[in-house]
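After this come two complexes, each holding subunit A, first together with subunit B and then together with subunit C.
Coming up: the complex of A and B.
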């Protein structure tokens, strides 16, 4: 395999990397010119389909295939929603792209709109990214000046408007139909699917929702071709006919107890241990790793013994995690109490559950209350079974909720309790010597961490 | 403006109306409008909700419904001049984020979610601010402050204008 050359982070670190002139001096917007001049919308869709690009937002759905779900010959308008509501704990790769190389993202967005015949793009940006807001607005203004946005882009028949839309600090807006509801000015309650957004999305029109890094990948696929993209990463597992493979470069976020936290670009399929040791300089303070979140907190936990798991779309699932997610690795060293970890996770999801589906609203809230009680030294062994019961019954996989937030809440519970059960039992017995064996209902503690 | 009981200034109304051409529906201007009011008043009082609804041709209840979904918009009293969010999610918590928040609260003499009596500072716990490589971090107004310690947090509170 040839030496890997980073493309997504290639401009990061250059002076004024966020300005159009710097981006253009490195060949920026040439791919857009070529696509508009030489390729039809179908050609571009087919190119992205052939590349095997899978969405980088967490679900990993093949991007080109998603585009083909749009109705054929629709009179329009078709909308593009760019999902920049990056809120998954541990994840910051999209922030880096938007702050330091926004034109790379916008070029990919314009090409993707051309392919999908979208005429208006809304970039839904989380409120917590004020610098990204400023840089993106400047980049969009620069694009209108240069004729990359607006009417008849670069003299073609294609016209596109792009607007920034700021969120208001709600995790659920990263769920694509929650995002659509929020964009429409409503509470961000995810929609029941079908209909999928491609058929009926924002303002009752066909809508494509794509992640920031996904669109940045489209830029490079347009510039370098599908074969280049497929030369990087992991081909499909021949024993699994449903595996579309994990192609292309990926931005890995690394944080927590690590010597060199940061955002690193590598071919999909890098192992968690390689990321920690080769990129992150190892676990901090000379300590050993205890566990790691493989791709944002929703994905669950890898134990230290599972650190050789490849971080591609199929890897984390093989050791009981939910999936690759956002490829954001958070390292826990061997001094971390697993009770504290799970308490933090449960508090996050209890706070961010949108409250629409009862199993999620109640399940996340009660799991936090139980963790508060365990942490306070009043836990019982039975609580572990109750936690697992919640974990096994909330989410779209057991079929009890509308969206996947609850699956994300469930996975850290299931992984932590099943992979570290001994530690939980020891903690409960040690801190509650008189009550750990009680199985009768007990009073809940006041939940302090929800709001 | 002639009617003195109105809260939205002409300037705010003009800013809100500038968003109308961007969307095929007026309701989609709800969040931008709430942000505009919040930027000016540091909260969104009920009277502002009524006036925003009027502009967007909605019932006040529709705007209020959206507003209350986002804990972001305060309604009863303005936020402090500086609104500070200290991250408590996992990457920051692993590197002392909760201790930073506690130390800052102690220095300011308030609990998380409260505003100092002089109205200078509102301190809130935040979920992941997306700056985990700089953990523990906080967002102070528009400024991201990373690699914090309890000392640097307290110093921030002590030296705030």
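Coming up: the complex of A and C.
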């Protein structure tokens, strides 16, 4: 493994690493000073654009490009929404940053607001992070005291207010327009696009939505420059003109059946096997790995044979997964039943589907009930085809839903059934020896008696 | 001029037309199924029934490039060169999947559902659904709970299109309805203690594409396929909403709004929707009667001689009324704001023929409260009569019209000896004792009305008349828009529309023909000229004619 110096996690482990004094003693807020003093907003945007930074929230959209979608010469206000509704199962990289190094995030947020001319930033934090809530609030207060937030920051023309907003614990609030709706006090039903948030977002004003880790990266790009950032990671695939490359350090969350679960910083492009063996100390209890989730449950499944897939923005897609997602790897050892895994996954998405679009609302619930029946020993082989049909039909990629939640629900189904079909078939035949082969249609419903 | 392609058809759009995929497809005669989209509400694109393929055609090369994924037609604007494909296998599969998904939890209790027969879920299932059920899931039983005084929710029939929720947010601004729970457990509900309680609440039943929202007034009273639908106009206030009257064998069961972009859009108020029951009231007046003056005066005591015995023939009563009015000398007529334009014209024509100096007065116009305007612009008017404007203009063309209050002393002072009063007010107490006693001073008092009143008791000639549902004719609303509608049901035996009686009085033969009378009106009275070339189902703006005159 090449030499790599962690930057995002550099402060983690220091005493009182969440306090401003500790952060400043390590050179914190120097990047902000330099940016405000020497660079224009366009300069900062261009710097981030040059660095090739891609959003760390899951979709991997180039951050600098996203900022340029804001309308030019808008009279304002422009809003920044910081997405800290980290709800993807297996993911806790934002949590570490917010709990143990919040100033790193806030510095990046202030720089990003300066670049985008946002004058108000809302930090949307998921409800389940009480410690992060306390520490972020403390950090914001410290920033107001030090003049990093408020009017005329560090003597410049730039003013910024930051508000910490606590969500009410729903997965859908992590979808950027769901987050915006929730922030406005409404039900977090993702909006139809266009208009995109950059044109009309929170309170009908142009809005940038960025992830916590993305903003932390902005801090380091501002401090160390675009070239430093580009020196880390994977350059674009020359055979794919639409691949902007995967640059920079990344926080990988490693959990599941692993000896040393945790959040590890590594350059993008690390393979899943390297992460498991070199960082995680291998699969626990001396067992073999069976599969791994590459980046949060919604990204699908890697089989053991696919563990050498590089975990960059392009890698997991090449083996049929949805993408890198949040780079949260969950390892399943060889004792795990994939039927159980899929049942758990379906239960999660049926529970979290916001219920707006029919295919997702009904598709997630239908697949869960099918898995429940299979687990109850009443599965049939034809159920697998129906599961795949649901998986292939729901989602923003086939165009049948408004947001990507359904794609996230579909990918585990598609990957699990396609990559582990034998196991599903064996399970159904074993648990339903008399009925697995039934192909007749479902019987007509009895009329319901009521009124 | 924008060109849009629907499958292989080319459609041209006007320069200022902003249409979505559903609307342009409809213009090409192609129905794109949809649940959540409604032209009067915001676009949410959530039911996903209207998924189509779209792309654009390069005007120069003629090359069509399609988007790889499906898009909701409701959310996709038609621009120059836009191509919509609504019948590909991909589209059909997506529709079948949505339809199948919606039916997973649906109780399929069509035999006992009010919506059956006019239900989108039914129609689309037969047209686009799967042939067999694949979901091995027993639906919930059909739970129900009232949303308010007017509407009941059948929870499991709901397809979560949220039209009703958007209606209370965008049209009434009252926000009672909301979505609770998440995912497949989602339901429509109201907040405890805040029921669905606004004056447009009944509209959510029409909006509901399935049988989830039931109208408590109409519930279980009639299968929709037994009813015939007739265009009509609501006579509840001067807004004059376009409506549909649903009847079976001369019995009205339901009144619904009829889309009219110029008046009520898609809506009507609950006062109008539920305010028609009086037409089937047992107290409706039936059977014409003649009472001579002495009898009438005696009758006001305890045990008078009473009216002439036995049922009378309409032809006898009409002939007698004509004879007595002509014999009496000076005549006054009262035009009710519930008359149609044609009836008012016939009455004035007749009266002028009898007495060239006839006094024409306008009947009382009921006022109730203040005009009530909703955020969407829908207004319920305080003027609770349908045709004040029309009757006024007819009267004005026959000379200066008096108000009702001005007429009363003239009758009391015996300036006239015969009075012909038209009424037809749904409010039984439209006239009080003192006004009635003043009119009773006339030697001949002809009254056409639908309910008993002090005036009816004082009348010498009593002609039971018809309600709006029972007569054809035209009404002019507050904004000078004239609408012509047919009758929906026949009047009860023994009652006859004002128009029919006056038609006969004027010696015309055959059936009363409102259209023919309206043609006369447009020739004679400039105000009505715009209606000369026919009246569309949306009515016609008479101010156009007035501008032309000016």
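Going forward, the second predicted complex is superposed on the first by the 438 of 451 C-alpha atoms of A that agree within 3 Å, B and C clash if a C-alpha of one lies under 4 Å from a C-alpha of the other, contacts with A are read in each partner's own complex, and residues count from 1 in each chain.
The rule we apply is simple: a residue touches a chain if its C-beta (ideal position, glycine included) is under 8 Å from a C-beta of that chain, and two chains touch if they have at least 3 such contacts.
What you see is a predicted model; the values in this text were computed from it and never measured.
*Asks:* Is the number of subunit A residues in contact higher for subunit B or for subunit C?
*Replies:* Per-residue touch count on subunit A favours B.
*Asks:* Touch test for A:91: subunit B only (first), subunit C only (second), both, or neither?
*Replies:* first
*Asks:* Examine A:397 and indicate which partner it touches, taking first as subunit B and second as subunit C; both and neither are also allowed.
*Replies:* After superposing on A, A:397 lies in contact with subunit C but is clear of subunit B.
*Asks:* Per the contact definition in the header, classify A:356: touching subunit B only (first), subunit C only (second), both, or neither.
*Replies:* second
*Asks:* Can A:207 be said to touch subunit B (first), subunit C (second), both, or neither?
*Replies:* The answer is neither, since A:207 touches no partner chain.
*Asks:* Touch check for A:177: first (subunit B), second (subunit C), both, or neither?
*Replies:* Neither subunit B nor subunit C is touched by A:177.
*Asks:* Looking at A:293 after the superposition, I want to know if it touches subunit B, subunit C, both of them or none. Which is it: first, second, both, neither?
*Replies:* In the superposition, A:293 contacts subunit B only.
*Asks:* A:187 contacts which: subunit B (first), subunit C (second), both, neither?
*Replies:* both
*Asks:* Scan A:386 for contacts with subunit B and subunit C and give back first, second, both or neither.
*Replies:* It touches subunit C, and subunit B stays clear.
*Asks:* Now for A:366: first (subunit B), second (subunit C), both, or neither, which partner does it touch?
*Replies:* The answer is second: A:366 touches subunit C but not subunit B.
*Asks:* So subunit A touches subunit B in one structure and subunit C in the other; where do those two contact lists coincide?
*Replies:* Looking at subunit A, the two contact sets intersect at 170, 187, 351-352, 354, 451.
*Asks:* Along subunit B, where are the residues that touch subunit A in the complex?
*Replies:* Per the touch definition, subunit B meets subunit A at residues 22-25, 27-32, 34-35, 56, 65-66, 69-73, 85, 88-91, 93-95, 113, 126-135, 139, 142-144.
*Asks:* How about subunit C: which of its residues touch subunit A in the complex?
*Replies:* Contacts found on subunit C: 43-49, 51, 69-71, 75, 93-94, 97-98, 101-102, 104-105, 107-109, 111-112, 132-139, 141-144, 159-160, 178-179, 181-186.
*Asks:* Report the residues of subunit A in contact with subunit B in the complex, numbered from low to high.
*Replies:* 77, 86-92, 94-95, 126-131, 161, 163, 165-171, 182-188, 203, 253-257, 261-263, 293, 297, 328, 330, 332, 336, 340-341, 344-345, 347-348, 351-352, 354, 451
*Asks:* Please name which positions on subunit A make contact with subunit C in the complex.
*Replies:* Going by the criterion above, the answer is residues 170, 187, 189, 192, 350-359, 361-366, 369-370, 373, 386, 389, 393, 396-402, 441-442, 444-445, 447-451.
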